[in-house]
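As structure tokens, here come the structures.
Next, two complexes with chain A in common: one pairs it with chain B, the other with chain C.
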Partner chain A sequence: MSAPSKRQTVLVYLLLAVVLIVFLTPIYLIASSSVKPSPIMFQKPPAFLFTPTLEHYESLFGMRPFAKFMLNSLVVSFGSTAFSLTFGTLAAYAISRIRHKRMNDVAFWILSMRMFPPIAVVVPYYIIFKTVGLLDTPLALIIVYSTANIPLTVWLMKGFFDEVPMALEEAAAVDGYGLFETFWRITLPLAAPGLAVSAVFCFVFSWNEFLFALMLTGSEAQTVTVAVMSFWSSDAVQWGRIMAGSFIILIPGVIFVLTCQRWLVRGLTMGSVK
Partner chain B sequence: MKHLKMALMGSAVAIGTTGSATAGDFDGVELKMLAIGDTSVTRLAPIVGEFEELTGAKVQIDMFPYPGLIDKIVIEASADNPSYQLMWVDSPWVGVLGESGALEDLTELVKRDAEEIHLDDIIPIQLQENTWQGRLLAFPASGMIWHQNYRKDLYEHPEEQAAFEAKYGYPLTPAQTWDQYIDIAEFFTRDAGEALAGEVLDKPFYGNAQAYSRVAGAITHDFFPIMRSFGGQYWDAETGLCAMDGEAALAAANVMKELVAFNPPDYLGLMWDIRTGYMERGETAQSSYWSVRTVRLTNPDEAVLPTIGEAGYAASPTGDGNPQPTMTGALSFAINSKATDTEKEAAWEFIKWGTSQDMMRRFAEEGSGVSQFHKSILSDPELQEKYPYYQVLLDTQENAQRRIFHPFYADVEEVFGVELNKFMAGETESAQEALTNACTKINTRLKVFPEDLRLRWINDAQAEIFD
Partner chain C sequence: MSAITLSNVTKRYGAVQVVHGVDLEIDKGEFVVLLGPSGCGKTTTLRMVAGLEDVTGGKLSIGGQVVNDVAPKDRGVAMVFQNYALYPHMTVRQNMEFALRPLKLGADEVERRINETAEILGLSELLARKPAQLSGGQRQRVAMGRAMVRTPDVFLFDEPLSNLDAKLRTQVRWEIGKLHQRLGTTVLYVTHDQVEAMTLADKIVIMRDGYVEQVGTPEEVYSNPKTSFVATFIGSPSMNMIDARITDGRIEADGFSHPVPTRFAGRVTEGQDVTIGIRPISIELAHADDERALPATVEVTEFLGNEALLDLRVGTHELVAEIPAEQRVPSGTKTHIRLNFDLAHFFDAGTGRSLNAE
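Let's look at the complex of A and B:
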């Protein structure tokens, strides 16, 4: 295969530049609007040169306990991700390894848990959590998000476990490994990219979720998505504060995805080539 | 015994020398308020400690987004032993919340404490805004009034005045009719490079800024005041079905369509607050909107206009041959019907405290955007000097008409929002087609219900709070 010509290289870079502009423009707009003075927020044409202000960040943390809401989101997202990976992975391993004619039905039934429209289950959830005293607690959201995340994890991880050759587990058994030891020391490390993919999906879903967070929390367990949207009131949409909050919200997700990136790339492409 | 205690407590409140509860009346009572980050709430939230000192009741205000809040209220009110005893309510919600039984009837409490709350000083339509089937379900905390804002400095510029009169044959003053409004919009629409009040424009200037966005029914917020100004009604009084496709609605839709040419190019996406931004930056000659945002036009920290020109204020224009109408709204506080008797009494005490004449005057003096609803405050000469639009708000209450309060109000905003937006974008041929489509969709949903129920929903009976 010959090296690309100079023209091809330029074209590739141009294409990359276009893609980058498309993806980075919203982030730029969020970032610039978060430091733009309110009176010129929607000026046409947009003001690119202006004296930046931190007023939106100051009011974001000054008017509401935004740091607490961030902590709530982190607790809920990491909690649900950990819970879902633990139970979803074990369930996926069982479904992958147990040979039974109805196992596909079981797997589909698990996936169907994710098919409920959230609005249909929000009232029952509210009543249940109200009854057991979990309303407005992070635990309530961890449970709810896990009901959506576990089926996803099961299906993702099942695919990864299916890819791990049985011969490896049989060899481990010959070497004296028990079932759990085989799973823990042999199979799970080989399916690590799947764990990374599942973790990212679980985390991003939990981090961004709005409806359940709105309905099932008060001031104690409120998450950042609800807190940021709370700057949408009847007399004004305080875009500066929303943008400041949105920019901060982006950070944990980006860090989490970058942390998982090494496994993520392999996970997303695993099995695509024989 | 509990009822006796409540009665004594109520009496103590009613006859108290200070006009409010005394310290310790509600010791140990904890109230939570389900609210949004509206000015009426954000002004109050930092000072709830004062209420605790006064009464012993502790109040916590939780703020949530406007979208979805009504659903949260309905769910909250469906549970016994509710988490929230106090609710923030937008006046169009009273239909939904009244029908669901979520809110406590405040009629008797208001009658009981009429003197303490200065009932005679409250603009009646603001109370009517919160009335459902003759029951007062919420109490105003910020009274919204739809009115017209304009560039007073441009309207008073001699060159502009002369040019306008030469072109249209009558003097340039704030529009009283929609025809005049359109003339003014046309006159002031200028391209970059043209002159405005003796200065060459470096960017376009617009004759009008109006909300045409379908998001959150924004276009309907601008459409309904115009429709009502032509004498239009929401509902057919005989059938309870949609009447927003008649002549008045047609005239209103056509006025909005004519104004398209004089709006900023992003008019189809203009929501209510982005629209007000054009006025606040001084980039449009006129714009009508709710009075909750008007205060910004007096504050150079929040708007550009005070530093480059001056805002003027007038009643919203009217359709030919109709009396000058005003569209009102109310952002209000209410009590969860599932709260305990003690909580209800403490919650009412909080509402009285947070919306009192003294508190509202304090907010006005501090420069709050809370839209006032006490006649004495709106007519106060010192405050009128600070807020020149107060007199307009006061004057325009006489012919005031309340907002839509039907349980299907959200459907109306959604359906009319889409159909009107499509008409303005040129996707629908005529106003008649757009309005007929909208009414047909609404009626399809309404016809599921019996006529007597539909007629009950449009019943605008007043609460019996005035002697």
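Let's look at the complex of A and C:
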């Protein structure tokens, strides 16, 4: 391929700039509004230069147990991610390795769980959790999110396990290892990039989820996405707090993705798996 | 006591039977090669010994113990895989350590064995490298090292040289032979390469379509092949096979006739269809006035250095002759040849069984 001409280069950078503006503008607005004094919040044209204030953050943590909602979100997201990775990975390994003519049907059946429209099952879930006394608990959300995350993990990990040569497992078997040890020491480390990708998807989905969190939690197990929404009442919209809350919501996701990304890169550079 | 015994071992995948009643005795310290074309069941047989495939029928024993239902890890075998199967996320040292861990040895002993093995195989400089940073030949040696450190009762090799280039193959083949002399471990080795089999084996097992065709020393399978398949499979270039019929005490083939050699008298019957096997080296150029000379056309001459191969057309037969290089004649020459019937093999054309004396 020949080197791009100057015009092409300019075009590419222009396109990149547009994409960046589209994606970064809302984040800029959230970040700047969260430290903007209330009186100038809606000033036109918007104030770009102002003395930042922490008043919204103070009121966010002062008036409502926002830290608790934050903790709920973390518990639910990490809980569902851990649960989904554990069971999804084991299921994916079984589907990848067991030769059976109906195995593809099993895999598709698992995927079909993911296709179900969430709104259709909200009410049944509500009734079930109310009956077993799990309503307004993090466990209820962990279970519900895992029903969406496990199919995703199964399909992602199946692809990665399929890539690990059987000969490596056979070598481990002859070397004196049983099934589980072989899986743990050989197959899983080689599928680590898949684990990182799955973890990112599971975490982000659980962290962002709104509908189930709104319907299945109350004051105890409420997550941050729902908490931020509660600043939007019929009397007033507390934009300052919404922005401050939204900005805080961004942080764990970013940290988590960056952490996993390091893993992902390490996994990819390991090489030599043909 | 035999190191490995297979009694009527069979393997079946659904309706397809790939190994038919294999009987084999492998003595302690013996180097046995399973040889055959692809799809002959040799690798499946090896994998059954390793425990990577279930045995459908028959009895498989290692060290006197029936192991049909014993897991691979409890069989005391070590295996070198065709693609080496090195653990890519571990260094060379870790690959070897991993193989030793189940033996629960002391740290000193682990260290000693790794260093000793690395020394023998010339891997000492490479211990900190990952498989991706090694050449094909080095990976091959690591795979052997990983098998060796465990000092197993039995070594299994699954076409270990097939991924190496020709020069390296010769060198590693020599190293494997030397290693076997040094360690004296029982070896079961699978290959489709007859040169590997002939040079390495104490005993060759030739397989075809899931059946054992012949078991014998390299000398036996070469000099005394029991079937026409073994005769053509062993030896390079292949043995020439000529269809003929026994008529009036003579061998009658298209284009020539020859009295039945006395050593086959009584072994062949009148009117029997036979296949005559003559090695290329048993065909020589002859003078036209020799009474047994056959007219032949040299279609292609291949110069190999010390010797030359002549692709000959004799009547409707296509034969290959191997002659000293200085006697060679150019392609297209019309000449005469003589078949040395004293060194010929006779096979029944129907069954393919040898008619030569045992």
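In this text, the second predicted complex is superposed on the first by the 241 of 274 C-alpha atoms of A that agree within 3 Å, B and C clash if a C-alpha of one lies under 4 Å from a C-alpha of the other, contacts with A are read in each partner's own complex, and residues count from 1 in each chain.
What we mean here is this: a residue touches a chain if its C-beta (ideal position, glycine included) is under 8 Å from a C-beta of that chain, and two chains touch if they have at least 3 such contacts.
Note that the structure is predicted; figures quoted are calculated from it, not measured.
Chemist: Which holds for A:Ala167: it touches chain B only (first), chain C only (second), both, or neither?
Modeler: So A:Ala167 only meets chain C here.
Chemist: Per the contact definition in the header, classify A:Pro26: touching chain B only (first), chain C only (second), both, or neither.
Modeler: Neither partner.
Chemist: Looking at the overlay, what does A:Arg185 touch: chain B (first), chain C (second), both, or neither?
Modeler: It touches chain C, and chain B stays clear.
Chemist: What's your read, chain B or chain C touching more residues of chain A?
Modeler: Here the partner covering more residues of chain A is B.
Chemist: Regarding the shared-chain residue A:Pro4, is it in contact with chain B (first), chain C (second), both, or neither?
Modeler: Neither partner.
Chemist: Please indicate which partner A:Gly176 is in contact with in the superposed arrangement: first for chain B, second for chain C, both, or neither.
Modeler: second
Chemist: Answer with first, second, both or neither: which of chain B and chain C does A:Phe231 touch in the superposed model?
Modeler: A:Phe231 contacts chain B only, not chain C.
Chemist: Using the touch definition up top, name the residues of chain B that touch chain A in the complex.
Modeler: Result: residues 32, 36-39, 42, 60, 62-68, 71-72, 75, 78-79, 81, 83-84, 90, 142, 203, 264, 266, 271, 273-274, 277, 280-281, 283, 290, 292-293, 302-304, 331, 369 of chain B touch chain A.
Chemist: Can you list the chain A residues touching chain C in their complex?
Modeler: Residues in contact with chain C: 165, 167-168, 170-178, 185-186, 189-190, 270-274.
Chemist: Residue numbers of chain A touching chain B in their complex, please.
Modeler: 38-45, 63-64, 122-123, 126-127, 130, 135-136, 211, 214-215, 218-219, 222, 226, 229-239
Chemist: Touching chain A in the complex: which residues of chain C?
Modeler: 50-52, 71-73, 75, 77-79, 81-83, 85-89, 98-99, 101-103, 130-132, 146, 150, 156
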